[in-house]
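A, B, C and D label the chains in the order they appear, each numbered from 1.
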Amino acid sequence: MSDPLDALEKSISSLRRAIRDASAAGDTERAGELRAQLRRAERAWDALIDADEPAATPARLEPTAVPAAQGAQLPAREHVHRALMLLGTPAAPKLIVGVHEAFFPGELSASKLSSLRRDEERSYRSSPGARPYYLCMALAHDLLTPVRALVTISTWALEQRIIGPLSPRVDFLTGAVHIAKAVHNSAQSTADGPSPAALRLLWRFAVNIPDALPRSAPGHEGALDPQQVIDAAEAELEVHADADRAVRTEAARRARKSLGDDQQLFGAPLQGVTRLRTARA
Amino acid sequence: MKTDTDATPAAAAAAATDAILTDMADGSHRALVVDSPPGAGKSTLVVRAAQELTAGGERPIIVAQTNSQVDDLIERLAAAHPDTAIGRLSATDYVATPALGALTNTTVGRALGDLSGCRIIVGTAAKWATVRDGTFGWAILDESYQMRSDMLLQVVERFDRGLFVGDPGQLDPFTIVGTERWIGLPHDPTQNGVTVMLEHNRGIPVHRLPVSWRLPTSAAPTISQAFYPFTGFTAGTSEGTRALEFNTTAFGNTDLDETLAMAFATGWALHELPRRHVPRTDTETIQTAANLAGRLLDRGALATCERHQNGRPLGAGDIAIGVAHRDQADLVRAALTRTGNPNAPGVAVDTANRLQGREYEVVIVIHPLSGRRDATAFHLEAGRLCVLTSRHRQACIVVAREGIADLLDSHPSTDPVHLSVRAKFPDGWEANHVMLAKLALHRVAA
Amino acid sequence: MKAPVDDRLDALRGSAKRLDYSARSLAALENNPRCTLRALLDASGSDKAAIAAHAGHPSPFGQSAFALARGNVFETMVKDNGCAELLRLLRETLQLTLPEVGYEDLNDIGGDGRAEVRHDRTKQVLLQAARGNGGGTLFDHPMLCLPVGGHKAFLEPDLVAFRIGGRFHVVEIKSFPIIDGQADPTQVRAATTQACAYIIALRNLLARVGIDKQAVSDTIVLVAPKDFTNRPTAAFVDARKQVAALSRQLARIERIGDLVDLLPEGLTFDLGLDKDKRARRPAEELAEALDQVPATYRPDCLNHCEMAFYCRSRARADSSLDVLGPAVREQFGGIDTTTMVLGLAQGRLTPTQDQVEMAAALRHAARLRAELNVLGGAE
Amino acid sequence: MSMLSALAHVQATESMQAVPLTAFRHRRLSSRPLVIIPLVMAGEAGAPLAAMVGSARRKGTLLVVAQPRNRDQRFAFAASLGRTVIDYIDSFRQGRRGGGGHSRYPDTPQILVPNHGGIKALADLGRMCRFRSTSGPHAVPDVVPEFGMWLTFLVDRAEQAGTSMLLPVTGILAEHWATGQSTLEDQNLASLMAWIAPPAGLSVEQAMADAENPDVCPPAGPATSPEFDNRDLAPAIKRFDTARTLGDLRALAAAESDLRELIAGQIQPTWRMTWEAIALLRSVPEAPRTIKRFERDCAAFTSYSDYRDSGGLPQRKRDTAIGAAQRLGWLERALAEFESDMAFDDPFVLADRRSAGEAFAGTVVEAEPSRTVTTASNRRVPRPRVTIRTQDPVRLAADTKLLSPSMPSGHKAVIVSVLPDGDATLVTVEVTGGMGRARVPARGSVPVPDQRIAYLPDPGWRPAPQFPGSDRTPWTHSATAGETGADPAAPEDAAAEEWGNED
């Protein structure tokens, strides 16, 4: 019964049968209810048939007009770049969007980001170095293959773009420090202070860092102290930093030796685990 | 607890008692818990502890769960301390048993005021719950694992410190109300009082009586393994101390005789009826259990033990038949009258709930899972089987229809799983398997 | 001479692709373990849903897209930003120390998502951790493998956490809420049983290199939304009983041969799929084949088993008391059908010796009900 | 279950129609119940999707949450449902009777939901609403916490046996009728109705099949069918979200009305069927003692109503030690009394108990009407003895206290002996109460030979358990470390609320 058309056809026939029974019994209320269901099922069936035709008409419900931009009309890659520069660490699209919404004007959606990444690689390969920076990949410390879903900037040092076992946590804490600083700055520099979205973002970081929240205050964004978040994050960073740096440095050295320029940006090709085993041995 | 590994049972038990009394005298603990496996001398301990407290100038109260438990305790106390005035706090409709009525140092009172001269006051938890004032230094709570937490809450204001004594392997208290509202709370009112008290008080010493004086050597290891997997115990008597002999030779050589012979020789027997799904009131099963008792009385038996080294003839009062449901008990009683043995109606018949804390020479059990199609949580409950198979001093005979192994196989334990609640052990499923494996070695096909 | 068990199981399945056991289907073993039909269909890797549908009783086990989406979104959220939320929870529940943050992503290995590849890598990193030479603490979607009935079943826990100096803990991330410390017991049970499959598989993996099963805790960590928020919270679930129960059920699968031996020669549940994956075998013929295998229907099956609607219709056709459920069934001891119950109750059938007693009770009950209906107690 | 009820299910199977299990309806049906059909979104923690609510079949109001994941929309929904329910409840807070501390409202609200899942959905909604703050950053309308507290009160009360302020219709139906299907299937309103009153022109078989076909009978909730979710609901919600993001008001209105229509199609059949079930239940006579339990409902309603008026705090998340023990006591008592009431009122239920040996009925074969005894206080009182011959398998022991539905109220007796007599049983009882104050029993107060009489055990009066005061939890039930006893009135950690729309 995996075929939705089959399922619909079955629904339609059982509804027809039920309508016939209800009408025969003179139960108009019930028959009316069932007729509405039938109409809906038939519409769904029509839609499916249309969709199956090779020259499908464009779905009517797609937005017809692009919404008017409410902020700066920068290209998306600029938005991403700005957000990443603020964070200072490789980041997943969701976090990039979060940072963007917290600190910058303009629209940026996560779905746009994934197409962006493909474009960047294509653009680099067609004319390397034509742009001042490229959005590129983070690399796994052992295989030097691209890491799922993390975006970085080509101008960063390779060490910054390598992901070892401790790096996700280190990057999270580093990001927290940078966000806290940005919140602190906007508190100092702007009249309205940090945006609610910025406070919320910082709060989401702070709740997951030991001692980053004021001890007594109930969990509330307003009660946040950016300096406390910075201190707490740095205290934990202290614990991981050396070990993480060692792994990253070693991997970066290896990458520089064995990978071409493009591979250093977009990752080594996959060669299965055999290679991995030797790399880990 | 420090006990020498090679100490005699008596020495181990004495050491355990000493440790308990020392902790009690020390006074630094608000409560003490004594876990007592079947027949480990719980009542003896209660009597002893009451004596120690009285000697130390205390006026302890004793909280038991049923009227018969109260009567038993008073008889023992009165016998052990003929010079101590003992009070029995009772409901208005309580009628003293003849044995109790004959005691000279015992007063029966409806209110605390009636018992002002008594050094030890004993009553049921339900009666204590009606007492509104007065606080005593110490309470001894007997069978406290059978006391629900909400009952403890009603009596706890009557004492400063408590000695909680009970058997953790027996049936848990229950409620007819099916609600999950309190699951996971440390003060779940449907839990037993000991568990709740321990949840709220850290560092309470939990002692364990290490020796069962009731169970024979044939039974102690199995019961210990099945129902007390983490805290074992040993039999107090040694091999050969207990024995059963027939007064007559088998004149029929029926399967009943075969089963009795197995039980007499090994301490266990599984009398297995043909496989069939039956209602729990199945006449064949019930009559068989009654007939086994009748046959035993017909043939007459001599029981030898540490108390009667030259043997003592078994009477109807030495035998009990244990069942899971009350209607089964009624039917077994009726079946006993049909056995033809005039003494058979004197055999005690009761459900597991009511057999808790009682002791017999020979116990005949109708297996809770016998003839069933499915194994519900009720029928799988470890405590139920534990009570039924740990009442005997000499032998235990289990009557069941074939097929329990398959039943267990197809009904893995299906208890609901809750967050942050420790799984209850022993698991009824597992315990049933251990018992069944043991019984399989003593099987007599009927 | 009979064919080997595996060949016979393959013949039962016929031309369809073998469906391997998953954590879900393994967890389902604890429901109605005695059902022969279910055991055979599972062991042969048959597609129960397709078979039931073709036999005219499609199973209604669709899953709502909302539930799926919610599950995925929640798991992602818990693992976002270097498992920030998860680390907080594990630091609270497992007392993970500050340095224990090492993260191994086992969702794919350098972009390669094949089960075997991921399993190899999983084995490698988990064994390193167990032996104390790896820095890993959080293992994201490790790929475990458990041989079940001679076939590999790949199992993928949401996360395995390793506490240094301690033990492996299976972490299950579920999107049903924990409200005031309580969650729906049915859902908790299902999650627990699945986690048990992971525990067993993990122990199996370690056992092969001689590491004791104690290295894997039988307490699982359940991570779920707290109350009505999106914030995750964690709770322990004591899975000791379920681990024991599932181990026993797995041992049973090894005895499938006994069941296979009882089947008629040439029996198959083949759907006769054509190249468009449409079933061509006549439905009656399939139903006939199914009818030859005993099934143990219980109303509860409707919640679990794809075959349940088929089995219920079979039970109804047989006038079986199973249709009414165990509570009703229990009252009638060894009697199997409604026809027999009524026959005895009305005195139309003569009881066999086994049934005498039941017949008397039934007649008493029938007399009472008749008395009441005469009184006209209810219109 | 007794054999008698089991037999009823077999009879239903054989005759292919539901058969009565009781003579009466043991639940009060209000003349003006409020029906609520709650729907929730799959996979989401208590996310309401819609509700149909109203106190008459023709007056149903449909409330829809277009995007259930949106926090503001959820609480807007809770507020509008809350207003309807609170208005309904308020309409019963009048005409108070009696004086002083004992005055009470003469009637109570009654909310009916289709099934047990409906109660769970209301419980979740109540829990979600009652702690909400009406000020601060995540403020909700005043009615929301008020609604939450009332819902919680009703849900808590529904846990108590025999109460009628919140009931699932399937539950009332299954109490009265036995079907030829299992308890599990009986929880499906359409399946249950298929046995009791199949739609006109349909056989029970066809109605049963339809009941399980979500196309013909959409599920009665609270969850909607996965097919509906995937095929209809998900795209409709998506259209709504798109229109909202784009700020296209026309598209938004269209999407919203489409969603309403869609959900109406799912909820309407259940609404209709629920009212049909209610009409059917009205035709069953109400058991006499229902009124006694209803009066307790009135008292509980009045007292909670006063508590609300005095600005009482919301119910705690979990019971305290003393609260839990108290509640357990109430629940156990209510259940014992309800079971006894039903057996007393209803010959069917009595017969159930009789077949299990827990009650008996028979004919008086011997009477000693003038027997007297001297009490401890030296008074002569009548203690007539009567022997009853019964075919029932009596399993009551001597000294059991008895009540009789066949004697004038106040009649009390106690079993003296139970003796077998061939295939029957002779039960001798001593009449202990209900004979009046005179030396000679009042006329008709002692059973006479050849009279048919039934007896059942008296649940008896039990003193209400007395627990320590709620501020004095004893050491056995409270941690010495000092509990984190959160103030039940404290609004929930507001910042922990991150609802967020999905991308």
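We adopt the following convention: a contact is a pair of C-beta atoms (placed from the backbone, for glycine too) under 8 Å apart; a residue touches a chain by one contact, two chains touch by 3 or more.
Being a predicted model, the structure only gives us computed values, none of them experimental.
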Checklist outcome for this item: Top of the farthest list for chain A, CA-centroid basis, is B
Checklist entry - Out of C-D and B-D, which chain pair has the most contact pairs? => result C-D
Checklist outcome for this item: chain C to chain D, mean C-alpha position gap in Å, rounds to 33
Checklist entry - Where the centres are mean C-alpha positions, what is the separation of chain A from chain B, in Å? => result 64
Checklist outcome for this item: Separation of the C-alpha centres, chain B versus chain D, in whole Å, is 38
Item to check | chain A-chain D separation of Cα centroids, rounded to whole Å | outcome: 48
Next on the checklist: Where in chain A do residues touch at least two different other chains?
Outcome noted: none
Checklist entry - Where in chain D do residues touch two or more other chains at once? => result 227, 318, 496, 498
Checklist outcome for this item: chain B residues touching 2+ other chains are none
Item to check | Chains touching one another, given as label pairs in label order | outcome: A-C, A-D, B-C, B-D, C-D
Checklist entry - In the complex of these two chains, what residues of chain D are touching chain C? => result 1-11, 13-14, 20, 22-24, 41-46, 124, 127-128, 176, 180-185, 212, 214, 223-227, 229-230, 233-234, 283-284, 317-318, 346-348, 351, 354-355, 391-393, 492, 496-500, 502
Next on the checklist: Please output the residues of chain C touching chain B within their complex, sorted ascending.
Outcome noted: 30, 32-34, 178, 181-183, 185-186, 188-189, 192, 222, 235-242, 244-245, 248-249, 252, 296, 326, 329-334, 354, 357-358, 361
Checklist entry - Can you name the residues of chain B that touch chain C in the complex? => result 180, 183-184, 276-279, 281-283, 371-374, 406, 409-410, 412-423, 425, 427, 429-430
Item to check | Of chain B, residues touching chain D in the complex | outcome: 30-31, 129-130, 132, 149-150, 152-154, 156-157, 162, 175-177, 179, 181-182, 185-190, 193, 196-197, 200-201, 326-327, 330, 334
Item to check | For the chain A and chain D complex, residues of the former touching the latter | outcome: 4, 7-8, 11, 14-15, 18, 21-22, 24-27, 29-30, 33-34, 36-37, 40-41, 44, 61, 63, 65, 67, 109-111, 200, 203-204, 218-221
